[in-house]
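Beneath this line is the structure, given in structure tokens, with notes to follow.
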């Protein structure tokens, strides 16, 4: 009885989550015009290759994916490191300015991004960073969401383990990398997934910064498929579908960290 | 440890982030604060003092947007976190098969690119022939009726973010060692007691995290109303940030937009503080 | 204290930023007056989108051939968020290219709110005034200075389904006024079950087009004019159509295309560019559509309006004004290029001499052999110029609410518009026209 209930919930949740996505796949494999037929198609069509070709032609999709991929990976690596370290510092040390720093972290999370656009753009322009890769990677390396996530993760970490590490003569950095990080692998997995995702789907900022088609990321490129008097729905859906694949890959890779966390237990030292 | 080390070591960890925050956020933050005290008309900027702030009190659109955010906060956030906890619990059930597939499925909505999300939902929510109406066997004008537009908005936000929160909560659940469940079982604790005595205390920081980020997400809600309803019909689904965007980027009233932003910051700050205060006591 | 330097730093940035954002007085618009030097050099960069960008990309090499010293770089920035990019560039005073594309409706807002952001073209372009669509010229020169040169026009006509009209026994030529169309619509609905046209009832687009047909914008002589008899008349017409269940309410562009493709509506009052959508998205409906001029409000009254259309503006951030103007002039004030863009990209010329080209007289098989382009070309000169202001966008937000209240919540048109007029007056610090 209880098992049935669990199964029902699991299946219903999955179905609701996947249906809109399924429709994307349907739309991506049909000719744009067929989507507006009555009734609309319910099964995948056979225009996948044609749509793929036209997508590559219109926005150079392969190059765009490559750009998105490497910028997101670099961002994830750097930002993940910065966030984990800062989160650890905030959770496990008492120092002057800690409260202020935590306040700033929370404040940046609270301030609506839209209002920072103009001054931040001004800043980028004054150092000549408009239309560069660093402009979409560096300003947001200190990801307040990531810092907060990691701080919350490290809070529960037992101080005794740190003490025993110190008694063994290990330095603070060594303790961090060798003892602390391995213990919060589930949260690290989550951090990587969310950091990668935020960069991969970032839209407004890259749109404002990037002017050359050679540097476009996926969301910026897809935006070009929406015109004034023509919208390339098939291309849009196919592009969006392909854009979720790297995200799913990252997710599948790093969710194993969750499993590792489960098997090892969080705090085994 | 020497006192020199005691002072420098924390900054080795926190320094890089602190430096980045100061460089890339201090100036924009300060600029927006200054802007909120100014008024620009036809290119001429004048000092407005707190004029932009007092203007909000008599602005029905802004007040409406706050009320909408309040509604979402009271209805949607608890609904979503409750749902996410249930999903996380289900995903953490050891005997359940295809858990990896299920996790991926729940996560899917959160990774869908916004442009696609907009088109898909508009097609699904179409009044005539839309999949939602066909499945439910009704003729609801989802995006043009003030009441149903709010329902559609709440449902679509929940669709997009419930799985995401479930994954975070799952990470929290998994951080609880199996031994602790076993220990509780040996002590003869039932599932409810286990939940109360073992799971909840350890899950608290994570739930707090989810509820604070969801609160922030709600007060900063922009994407969904922007692409689904544009804040309409009337102001039925207008949110503070969507309004801020319209005021700044469509009406070029950046001073007022900045003032709205700071009021939103204060509200978020206040609400987060309350949540810390009441749910995160052992946190400090 | 660790916090002191931080706080001090914050105060310094505060002071600096207050200079940066507060100290800038309105600059006069840079003026372009003298004629260009014989030898132009340098690179100019242009932002555009959609088919307009394609036209620029196609023609830029021709310009480069004529001016070997100049390189033209065309950037397709996509339409959907183009204005966010332009707004940030104008607001921060940096990051903009030499030339930007602007829709007519966007020009006054930028010209008024960012004085000095766009180059004043009056000195070099005034000689072309008689050659352009007067309504578009008014839009580009609304703030006093001409800040953009008109590109494409968007004369509005009434697209209709030949088969539906036939089945209901309605002769399209007999539809001369909106009253005629309402009656025809009822007949068609009875015969075919189809509504009259597709509309997104939460936007102001339909209302604005009707208002322009009546020769009016949101403001008149600088005063709020959204509750004038003309405005009430326009909204009342929409309400009549809605009350008789003749409006097919669909959300957004995709909704409208879908509904048209599915044949849900018998007519569509819209601009000439709709032809491109029809031929492109629904080739299978070839032969089913025809076009007549927009029905008049009163017999013998004006039968067209405008909906859309763009212009090219030169930004004050350019370092190469002469080359930028040379390109804009070469492209837009030219029969040859304007006709070429009509043929290839279906951009309907705002440059009147181009409309005499025989291309406009060709019969179009998609429209059952009708000379649709000639019909629209003849309308361009008739489009009523209306007053556009920088407050139009803001006014539109209030109007949207009044319109959806009238059409969806059954409020009285006059009462809803009166309320909107009051709100707009308060928000824009203007008076309501009496």
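Labels for the chains are A, B and C, by order of writing; each one numbers its residues from 1.
One rule holds for everything that comes next: a residue touches a chain if its C-beta (ideal position, glycine included) is under 8 Å from a C-beta of that chain, and two chains touch if they have at least 3 such contacts.
Everything numeric in this text was worked out from a predicted model, so none of it was measured.
For chain B, the chain with the farthest CA centroid is C.
Of the two chain pairs considered here, A-C and A-B, the higher C-beta contact count falls to A-B.
Inter-chain centre distance (chain A to chain C, centres taken as mean C-alpha positions): 37 Å. Chain centres here are Cα means. That of chain A falls 16 Å from that of chain B. Of all residues in chain A, those that touch two or more other chains are 35, 38, 95-96, 118-119, 122, 223, 226, 233.
Shared interface positions of chain B, i.e. residues touching 2 or more other chains, are given as 22, 27, 31, 115, 119, 123, 249, 254. Within chain C, contacts with two or more other chains are made by residues 6, 17, 20-21, 80, 84, 91, 254, 258.
Across the interface of their complex, chain C is touched by residues 32-33, 35-38, 95-97, 100, 117-119, 121-122, 125-126, 130, 204, 207-208, 211-213, 220, 223-224, 226-231, 233 of chain A.
Within the complex, the chain B residues that touch chain C are 22, 26-27, 30-31, 33-35, 38, 40, 42-45, 47, 61, 115, 119, 122-123, 126-128, 141, 143-145, 229-230, 232-235, 246, 249-252, 254.
Within the complex formed with chain B, the chain C residues making contact are 6, 9-10, 13-14, 16-18, 20-22, 24-27, 80, 83-84, 87, 91, 109, 112-116, 201-202, 249-252, 254-255, 258, 264, 390, 393-394, 397, 400-401, 404-405, 408. On chain A, the positions that touch chain B within their shared complex are 3, 6-7, 9-10, 13-14, 16-21, 23-24, 27, 35, 38-40, 82-83, 85-86, 88-90, 93-96, 98, 101, 104-116, 118-120, 122-123, 138-142, 144-145, 147-149, 152-153, 155-156, 172-173, 176, 184, 186-187, 189-190, 193, 197, 200-201, 203, 218-219, 222-223, 225-226, 233, 236-237, 239-241, 243-244, 247-248, 251-252, 255, 258-259, 261-262, 265-268.
Within the complex formed with chain A, the chain C residues making contact are 1-3, 6, 17, 20-21, 49-52, 75-81, 84-85, 88-89, 91-95, 97, 253-254, 257-258, 261-262, 273-274, 276-277, 280-284, 308.
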